[in-house]
Amino acid sequence: MKCRITRDAFDISEAVRLISSPRAGGIVIFLGKVRNESHGRKVLKLIYEAYEDMAVAEMERIREEGLRKFPIEDMLIWHRYGELDVGEDTILVIASGKHRKEAFEACIWAVDEVKRRVPVWKKEVTDEGAFWIEGGRHIRAG
Amino acid sequence: MKCRITRDAFDISEAVRLISSPRAGGIVIFLGKVRNESHGRKVLKLIYEAYEDMAVAEMERIREEGLRKFPIEDMLIWHRYGELDVGEDTILVIASGKHRKEAFEACIWAVDEVKRRVPVWKKEVTDEGAFWIEGGRHIRAG
Amino acid sequence: MRVKVRYFARFRSLIGIGEEELEVPDGIRIGELLEMLKERHPELRNEVFAQDEDADVNVSRNGRYASFDEPLDDGDIVALFPPVSGG
Amino acid sequence: MRVKVRYFARFRSLIGIGEEELEVPDGIRIGELLEMLKERHPELRNEVFAQDEDADVNVSRNGRYASFDEPLDDGDIVALFPPVSGG
């Protein structure tokens, strides 16, 4: 599946295989990971909550828009949810194109769209307590 | 080794592990592959020749320049040589950063620098014969 | 007619439930449903309901972002959730 | 003094060898060596030797791009090669 929301670690080789073709000369991959720091706070772990059905549907809409908007060959969007430790993968976006320019542009665009539209919410568990992240706002969690 | 010239297929998971750190939230990967078409000719395979010692030294210089030029955490540059079939990996460039913006910029810059500077030459074996590629020029080989 | 309302992330904590089924007038619009929900859950009154980037509350209908003037059908699933933060 | 000259890619085919050792005057500059090599290998005369993007021939000294006015030392390795095409 080229759009997927999953609790499991990503298999990047599988993802690259899924979007490879003899026409694709340039493959651009964005891999997000849990960082150990956020706005000056030490991050212990992240908890991602997702509206699963809608998240997959929204990723599929982003993929289809991307394939229309850029002269690329293919696009893949995966997102994880559940509890993730520092260093774990969170998001994987791949764009493949004949040439690298359009693949870079499409990948940058798709990552932005996912962060803006896909219904997934991050709760950061830090050394100063837990915070919901909502867009750019941090709201202390109960 | 973060700069490497090799006959072997890339292990992308190994590459990602090499440049991961708890500080890196965004990892941008460019993976080049042999395409089945070049300037209207059907490509059968590529033969890359390299000046191996200098290629590795030049990749290391690009990596060091990249680490000074962009606020990134790490960079990796691998290139293959020898005979490569359509669909095989040719180049792998990875930039990791706290945030994705600088990682994308550094990766795009590094791919351009590799293509401009690293002493590796491509001979395209096509259905119309073999051609040396020299920058943008195609010169019939022997 | 009946619709299902789902709450996610901080709103799930705020309201204390993940979903509920409600009896609503036939053809009710999303904006009207939101007013009903603010009556029913006063915790929501401080949140900014809007259809732009300033919204505290996003609304979807059957898994797709929806505008406030859309009328609902029987069996629709409406979700209320805060600005997303994936990636 | 002696220097080693290496040829790559199309130049290796053109000249027919991958490397050779040459006896050269002490302190010879790269530009002067290139003139010697054009005498020695007339196949090179049609190639554009320059230090910019228009060059057909790039030159390195001990694994690093070099400018034509650099003087050479005994044992140096000079390489001549066409514009690169990796990636």
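Lettered A, B, C and D in written order, each chain numbered from 1.
Note that contacts are C-beta pairs under 8 Å (C-beta built on N, C-alpha and C of every residue); 3 or more make two chains touch, one makes a residue touch a chain.
The structure displayed is predicted, hence computed values, not measured ones.
If subunit B is disregarded, contact among the remaining chains splits them into the following groups: A, C | D. Each chain gets a centre from the mean of its Cα atoms; the one farthest from the centre of subunit A is D. Centre-to-centre spacing of subunit C and subunit D amounts to 72 Å, using the average Cα coordinate of each chain.
Chain centres here are Cα means. That of subunit A falls 24 Å from that of subunit B. Averaging Cα coordinates per chain places subunit B and subunit C 49 Å apart. Counting only residues that touch two or more partner chains, subunit C has none. Residues of subunit B found to touch two or more other chains are 32, 111. Residues 6, 8-10, 12-13, 53, 56, 58, 60, 63-65, 79, 81-87 of subunit D are the ones that touch subunit B when the two sit in their complex.
On the subunit A side of its complex with subunit B, the touching residues are 12-13, 16, 20-37, 86-87, 98, 100, 104, 107-108, 111.
Subunit B contributes residues 32, 48-51, 53-55, 57-58, 79, 90-91, 111, 114-123, 132-135, 137, 139, 141-142 to its touches with subunit D in the complex.
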